[in-house]
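Supplied in structure tokens, the structure appears directly below.
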Amino acid sequence: MRKILGRVVPAAIPLVVFMVGMEWLVRVGWIKAFLVPPPSAVFNTLLRDWRELFTALAKTSAGALAGFALSATGGIAIGVFLSSSRAIQRAFYPYAVFFQTVPIIAVAPLLVIWFGYGMRTVVASAFIVSIFPVIANTLSGLLSTDPALRDLFRLYGASNSATLWKLRFPAALPQILTGLRIAGGLAVIGAIVGEFIGGQGLGSVVDVARTQQRTDKVFAAVLLASALGLALFGFINLLSRVLLRRWHASEQD
Amino acid sequence: SKSSSKIRLALNWKPDPEFGGFYAADFAKHGLDVELLPGGSGTPTVQMIGAGSAEFGIIQADELLLARARGNDVVALYAAFQNCPTAIMAHASRKLETIADLLKSGTLALESGLPFARMLKKKYGFDSVKIVPSPGGDLTTFLNDENFAQQCFLTAEPLQAKRKGVEVKVFPVSDIGYNPYTTVLAVSGELLRKNPELAKNMVTAVREGWRAYLDNPASANQKMHGLNPSMELASFAEIAEAQKPLLETSLLGKMTTERWSTLAAQLLELGDIPKAPPAAECFREL
Amino acid sequence: MAVITAGRLENGGAAVRLHNLRRTFDDLVVINRLTLDIRAGEFLAILGPSGCGKSTLLRLIARLVEPTTGTVEVTPADLKFHTAYVFQDAHLLPWRTVLENTVLPLELMGTDTAESAARARAALAEVGLAEAEVRYPAQLSGGMRMRVSLARALVTQPKLLLLDEPFAALDEITRFRLDIRLRELWLERGMTVIFVTHSITEAAFLADRAVVLTRKGGGIKMDRRLALPEIRRNELRASPEFGREMEALLAAMEEES
Amino acid sequence: MRKILGRVVPAAIPLVVFMVGMEWLVRVGWIKAFLVPPPSAVFNTLLRDWRELFTALAKTSAGALAGFALSATGGIAIGVFLSSSRAIQRAFYPYAVFFQTVPIIAVAPLLVIWFGYGMRTVVASAFIVSIFPVIANTLSGLLSTDPALRDLFRLYGASNSATLWKLRFPAALPQILTGLRIAGGLAVIGAIVGEFIGGQGLGSVVDVARTQQRTDKVFAAVLLASALGLALFGFINLLSRVLLRRWHASEQD
Amino acid sequence: MAVITAGRLENGGAAVRLHNLRRTFDDLVVINRLTLDIRAGEFLAILGPSGCGKSTLLRLIARLVEPTTGTVEVTPADLKFHTAYVFQDAHLLPWRTVLENTVLPLELMGTDTAESAARARAALAEVGLAEAEVRYPAQLSGGMRMRVSLARALVTQPKLLLLDEPFAALDEITRFRLDIRLRELWLERGMTVIFVTHSITEAAFLADRAVVLTRKGGGIKMDRRLALPEIRRNELRASPEFGREMEALLAAMEEES
């Protein structure tokens, strides 16, 4: 309990300071309420429209999580594939970059036609947006294996797959987890962009609220999206803690 | 006076015939140094006017009512489109007679959150049609799926579809009684109070601009094509011709209390605004 | 004794033939024109000043480094099942416990898990680390890490055992004990052992043959068969034969310094 | 020359295969041309509209590069700040995540109002979208410093800044570069999204071409955006090569 | 002789007082009730079986590890300018060349660059690495890496020099040479040296006082002042006094094994 408090309180302090400051700035009129709503209004909206917002959040969560799961597995798989030789990297890594720089909005019609309106487009969008960091971090982690340990495995005639799973992958884990940390937030963004196109969830709420000039609702939805991002982030931190605590410097106090 | 400083007019889309009058206007003649700022998808012109990041902006009448309800003091000065060009188009092959027919099957893409969408829903219900977000001017899905209908601009997408060899049937939203002024020149209440002279000059210049454009769109079209080369020159001429009925040349920007009141009442009924503002607050005749 | 010797010959160990070997790193010639025949079952010590190329030579034999020119021939050829290597540094996997590190070669060879664990525990006991099996490398002392590395090499039953100063980080008592144990194991298993050491005493005590490398130029300064009994006990260290061998090695080393 | 060819050729093979395949699929009618234009049409457009496209590319490049430069410096600075203590991480890292998950499109009005039309909004958007990977990778790199080396610096009473610049930063460099690799592509995307709002560059071209049903032009613009992303990527790879070649496993063959 | 001794006393070195020291890692008691007074300018060798806590003791003295209970007092107190430490592993920065690694402590202390480089080169020459200054750590042999680490410790002029088996990775000839050189430096500079070694011979040859730690329990088994001349030459190794000291140390060590 103490421990949890010890983690939440430091994170909450800047938030509280920020909120109070915003409320004050809006109240005295330095910031116009139709641009940035006062935090109190956002809270009111969260309470008043909670049913709509939380239903939307549930959908977005499902889309983002599915996209994230695909990115995590796909990104690691592609990273592993790319790590197998310099030639393969040269041949295919540029395409991963290519894939990353395609603006979803430009290929929206293709998404809709291939995946239809709704969840599948959302998942595809979350996936496309979030896979590259996993690939890049996995690859760079896999390429950084201590050459001495690689020699050890070579000596014992370890198969490629044994070398991968017993050496290179565990050694790359800290970096892969960093890739996942980045992918988590991007999957949420990707899901929301997908929802602009595919029409559901928080993306849809934001879209409607924007046309309605309901900044309070836009911010409430953004807040929920961020909370989802934070939850994913927290989950990966936990995973990182569990997996690395015993041996890696980054998880030792 | 103020007229020497630069004045920004925020458009909510790229240079195209919809803004012909603004590009045809000779602002200098009225002592104005105006910079036209082309926008893109999601350019928030209403907020920009309110926040002072543009002195003037192009908005829709319903946007203005929503803005005022949210505490954003924006006032309309000149309504270019007397009739709302927003419409719904469907494949002609479906042989639909009315909007009601259209809502009985298939998919309809609507821009999320617009009042008329809720009006449609209230009137006919969306039970048997699938509502999806508008692809914003893109026709890919429409061309790919006969049972796909989408919100459009009377003067834009239907022409495009025809060019791609698809016959369409178009239902203007004014048919269901929703007809907000569109491509409205607006200004912040504050600026209007402080410098009514400036606003007046602006309106005069714009009115003359539209008159000139209606008479001869060619040179303004040329200018806009230069700024927006992705649109072909032929399209400019075609659209300029097609939009004439919507502009109602006889009125040239004039607005009436009655129409503003009707719109306010409609939005109030839809629950988009908490109370209807007096029409006089919303626009100013200069 | 004869029994063990017979066992040793039966197993045979691996034979290593280095022919006209040369290895350079950029401009640096580390090994040059080195030809050396190591018989199956031999116990060879390699000596030489720091930086002369001992580790590089072992790595060449283990095929972890390719020769620039010349050939390395190991028979039987399948390194995978026949070679174990104790590197100069421990090179443990930081995410595995001591036991898990020790078991690794067996895992890689696909040995059944229960048996692997038993063998790993036995090897750890051999190096005096029975109690540390659940610790992680970061929680060990330098000498303990090297002993884990040694245990890891001993769990397999290699035909060729390459040791790069395995006992350098150990106190002399433990070192002497392990010296004797290693010699015993060699007698029991009959493998070929190539042992790099900085300790002339240790080389003389352990090996049947000692090679001293030149400081520069990457060649062999001395190649000497040691005339010492097969079974070595601590008493040997005080004997005149031992002194004689030591002196010969020392002389060769000193010339290279 | 040989060396350059040796790098370009493997990367070009899948591209050529893909292009030819697409052309064929479109020609035989399996893929409809209004969905995906045949590559030949895209090339024609590139040639015919090159002036417009390259002017747009120049603008987008300027925006993306400026955003990327800000992300790189800002992200490293924030990563360094976060690495200074666990408490600071707990207090501020969540906000970086928060910042990352805000969909640009939802806060577009704020961007335009704060930064105006044009370049500054584009730069801001590119910056917002691309900073998080730099932060995450910098932080994780800085936290992974070998404890033994940290002890060495402690022993010599190294100041925090000396420890940072002479130890932790160089040790984190491989990971920071991975962060920059990710940020490069994202900066391009961010710039284009910013251009949808701020109205210029390739974003604007895509925006208009979409409404004109010019898929060929959309694809041409996307291709140029990707080329920009690739160029940034290549630049970071080069940097990585120069900085790490002498000592890091990931840059050794 | 007297001159050097005077110089030594003048500088004085640092004094170290350990009082009732205890250090545990989780359940493991590594150092317990350890009280030890090290006079300024003393040359102390620490011996003990692998894993007994020697490195931990050095780390406690260097304040890299906090005592669980008890106190460590070093006078003068400013570690930054007075302590140098050769760790058991080389711990070089992989992105710096040999010269850049050697110069590091001076850089951190803010010494002028030109002078630093000259001093670093001198230190490298001392350990026989003058030619390797532009190489990177990954291009060095194990012994070369340790020598760089040694050079890095010697560039500063520490009052307290902590050495954790610095010569373990070196051949005996080089080792003997460095033994003598270290003793000379100690005499010249008059610093306090605490020297962890596994070699009983080396301890006897170098130190004025030797402490043997117990295998378990983290205490002191033996604390012995060595009755040997101030200047040590290789001939000493054959002398009867030397033999006597060796035997005493060996006995203590053996009891702990």
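Think of it as A, B, C, D and E in the order they're written, each chain with its own count starting at 1.
Just so it is clear, contacts are C-beta pairs under 8 Å (C-beta built on N, C-alpha and C of every residue); 3 or more make two chains touch, one makes a residue touch a chain.
Since we're looking at a predicted model, the values are computed, not measured.
Steps from chain B to chain E, taking the shortest chain of touch contacts, total 2.
Our note on geometry: chain C versus chain D, Cα centroid distance of 50 Å, whole angstroms. Put simply, the C-alpha centre of chain C and that of chain E have 28 angstrom between them. In chain C, the residues that reach two or more other chains under the touch definition are 89.
For chain A, residues touching at least two other chains, in rising order: 35, 105, 109-110, 113, 146, 196, 210, 248.
Contact with two or more other chains is made by residues 41-42, 47, 51, 138, 140, 144 of chain B.
Every pair of chains meeting the touch criterion is listed here: A-B, A-C, A-D, B-D, C-E, D-E.
In the complex of the two chains, the chain D residues touching chain A come out as 7, 10-11, 13-15, 35-36, 86-87, 90-92, 94-95, 97-98, 100-103, 105-107, 109-110, 113, 132-133, 136-137, 140, 143-147, 174-175, 177-178, 181-182, 184-186, 188-189, 192-193, 196, 203, 206, 210, 218, 221-222, 225-226, 228-230, 233, 248-250, 252-253. On chain A, the positions that touch chain C within their shared complex are 146, 148-149, 151-158, 162, 166-167, 170-171, 173, 246-248.
Within the complex, the chain B residues that touch chain D are 10, 14, 37-44, 47-48, 51, 53, 136-140, 143-144, 156-157, 160, 163-164, 228-232, 235. Contact residues on chain D toward chain B in their complex (touch as defined above): 32, 34-35, 49, 52, 105, 108-109, 112-113, 116-117, 195-199, 203-205, 207-215, 217. Only residues 41-42, 46-47, 50-51, 63, 66-67, 70-72, 107, 111-114, 130-133, 135, 138, 140-141, 144, 272 of chain B touch chain A when the two sit together in their complex.
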